[in-house]
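Note that chain A is present in both complexes that follow, paired respectively with chain B and with chain C.
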Partner chain A sequence: MADFLSQYSIQRWLEMCPQGYLEDTVYGHSPELKEPVILVGNETLREESIRTTVQLVVGERCALAASSGLVNAAPDFPSKRFLATQTLDEARHVEIFTRRLFDLGVKEDDLESTLDEFANPNLVKFAEVLLEKVEAGDFIAGVVGQNIVLEGMAFSVFEMLEAVSREANPKFAETLTGTIADERRHVGFGENRIGSLIREHPERKADVEKMQAEMTYHMLATFADSFRGNAAVVEETRAVAAAEGFGPETAEWHGTDLAAASPEEMEAILADTVLGEFKTRLGRIGLEYQSPPVPA
Partner chain B sequence: MSTVEQPDRETELAELVEQHRARRAEGSERRHYDLDDRGFNEVPKKWRKFYRHWLGAGDTLAPNEIICPVCKVVIRSVKEIRAGDRLYCMPCMSRLLVVEADDGTLVPEVVY
Partner chain C sequence: MSEFDPHALAEEDFLEEVRSVDFWFQAVDGYLRDRSYGRVDGTPEPVMEAGERDNLITTLCNYCVGETAALEASSGLVVIAPNRHAKIFLATQVLDEARHLEVFIRRLSDLGVEDPEHEIELRANPNLVRFKDRLLEFVADRDWDAAVFAQNVILETMEYTVFRAHLQDADPVTAQVLDGVVKDERRHLGFGENDLGRRLVAMPEKRERLAEVRAELDELVLVTFEEVQDSVGVERSARADLGGEYLAAVERLGLT
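Then we have the complex of A and B:
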């Protein structure tokens, strides 16, 4: 049973989240904060911000579909209750990142076409692998895919984006800080709930590990597309930002200065961090990390 | 003239370590800490003093602090942390048991 959830309740969630770190925020940030004028006014910077934010919306829509689907698949009431709060967290994330697209000038009528235009196809495939398990009512695979693989990736991506934005874009950084706080609960649930379930159902290990390898493949391919495959745009964006005096002088994250790192170096540090976390987290709950084939 | 054999430095250190362990095993008094609020707003107000954010390179852990391996938040105790202590990480709901690693450092293990 989910004993670790005995201290968790909707009341606790209210005190931690809406009455805690989200108190007095509007769409996840202080009401007075706006997107930097230069980011909205310069087409190169704006388009790159839209591209990044679209991936966040796509990832969060997947998380929303997965967590809401897992409510019915959960074998016990405490897990259903937790997943109900996670569903609201994910819906909030979809809303705040969608709101950021509007703040960046995307028209509401153009939202879906903008998502279609910029969504990374590998990220869409990553989501499809997870949602297939959720739709089949597979609670163990669904929670590993959602709360360990997807949330583990999101945790590091959000931390990296927050480090880059802290100085240059406090509005976006604050929005990310609130989502990181939510992710702590989500990864905690994933590890603690599945840690006991995997011991009860060791026969599920091979199947779950196969899903992890598949999701990891699409995640690494998404990183490769976003950095190496987009290197010219990343470098151009950086040059434009420098010319406009926009962006941090240094942004330290896991020992790398993101403000000076090449797209290849940024991809490497993100992938190494996420994969390192996967290995540790999966190992703790009794699963062995499976290396996927290296994306081209 | 008789000579008294002086213990070498290595033996001296080994004895000190042994004395230290023996004191800990006997449950010698632990250092206590008055906790202050470090602005960690991810838990209800009453429990905020028990947690803080890890500040990255340059940050260090006090003897009453340990990093949650699940969510990376620093957990702060009112007592110096020792092997065998059980801790709760409210931000991610993990229950932890502190164990002594081979190199003598204290590490938290998640209890499922």
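Then we have the complex of A and C:
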């Protein structure tokens, strides 16, 4: 364990992150890049971008509260040290996505009301399930909830958004690329550190799996709201973008062309990808994926 | 082009700037780049007598107690911080405190300590441990004002003062490590005084509560000061000034 945890030192984090892939960026992107004019100027496109970005801020605020809250619950210094780097990473993500809301025209004074207006209620419940475990000082459940479930979801969502934005919005795509690199590190820690703790405490499996099923339920409900439940808006946004000549001709992700896929198809590919990752990662730490009831 | 001066910004823009992760990246880049665990590669390990080495180990162990307190307190404060600027700043402080612990533990290993965590427990100053326990109680009670005062004013002033004094006489490697830590502590002190100063102006009734906290913690702080300075070897004649820095910080907040 000691060798694996030594890979998560702050020295290494400094070299990889601020002195590595984030070098020469400002709020996560090259200084010269801006939000596309069409995105800020067209009300339909702008509102959809705000809606999407609000979900990212809500998720990252949850991750910041969870990672900082888990520092004190961590059983050893190397784990505390890793969680300190994750705390800073999550704070950075909150900062860059909040900054994007400002770039999209949200006023500082309207930030909280905008978050309240657009935050998906199921995503808020998803966060509450995790933060309840963190608040109780439950390190094992907290790390599984945060570094496997939340980060696993965020990882795929960011990848999907990056694929769609790569051509049309390089600023947002660059911002996402840095966060994806961070999330990869976080997921790796969760898998490596928790595997040994689950082996030491097999009696915790049922409780942790129950939490995973509950979080998964709210995650799938969030996806359903965002695609099927929002299909008319998604289609309208796509039509407006096409009329303005904005957006990629194709955006391939996991074998699906996101530029042409229906909202139902997009939801299906995202859910399948995330659940596939969950099964693999949970299996690696000795847990069995639990299917939640399908959201209505 | 003239150099960027954040103090020229309006208040809200100033907070947006200086309590950002981006600002932190730029700040630490100036003094952490090209260092490994706080030390410049190639600096030779100094030769020390056994007694001198043992004193340094005791001192570093107690620095670790202080840094552990700061790590656990700052991480606990993130969730109760009253606004997003404070949350972001505290997240950078969490990273700083964990780094301090990392570089001091590494220094202990350099000095031949095989199990630093065990050694820290053995050599921990009981007054500092009591201070840590009390600080963490404030955090657990979600008492923002008391916790920020205890951590970012009292503890940080003590560390800042002791580390700077130690820096004057430290061996070259320890001095390099302390140099980076002191630069971080200055930022933390600035946050504590700025945040509390603003809140005390807006809510002067909080002054009385913080004066009580100060009265409770003063003895622990000053005794710990004395004992740590004994182990560092600070001259008696210099000690009044060190205590004076702590007293000046609390007086700036009007907590006399």
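As a working rule, the second predicted complex is superposed on the first by the 292 of 296 C-alpha atoms of A that agree within 3 Å, B and C clash if a C-alpha of one lies under 4 Å from a C-alpha of the other, contacts with A are read in each partner's own complex, and residues count from 1 in each chain.
We take it that contacts are C-beta pairs under 8 Å (C-beta built on N, C-alpha and C of every residue); 3 or more make two chains touch, one makes a residue touch a chain.
Here the structure is a predicted model, which means the values were calculated and not measured.
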| item | value |
| --- | --- |
| Chain B versus chain C as contact partner of A:12, first or second or both or neither | first |
| First (chain B), second (chain C), both or neither touched by A:33 | neither |
| First, second, both or neither for A:185, with chain B first and chain C second | first |
| Touched partner set for A:255, first chain B, second chain C, both or neither | first |
| Touching partner for A:240 - first (chain B), second (chain C), both, neither | neither |
| Which of chain B and chain C A:285 touches, first, second, both or neither | first |
| Partner chain(s) touched by A:69 [first = chain B, second = chain C, both, neither] | second |
| Shared chain A contacts, counted only where both chain B and chain C touch the same residue | 19 |
| Residues of chain C defined as touching chain A within the complex | 12, 16, 20-22, 24-25, 28-29, 32-33, 36-37, 71-72, 75-76, 78-79, 84, 87-88, 90-92, 94-95, 97-99, 101-102, 105, 117 |
| Complex contact set, residues of chain B against chain A | 41-44, 56-57, 69-71, 73, 88-95, 110, 112 |
| In the complex with chain C, residue positions of chain A that touch it | 9-11, 14, 18-19, 22, 26-27, 64-65, 68-69, 71-72, 77, 80-81, 83-85, 87-88, 90-92, 94-95, 98, 108, 111 |
| Touching residues on chain A, where the partner in the complex is chain B | 4-5, 7-8, 12, 15-16, 19-21, 181, 184-185, 187-189, 191-192, 195-196, 199, 252, 255, 280-281, 284-285 |
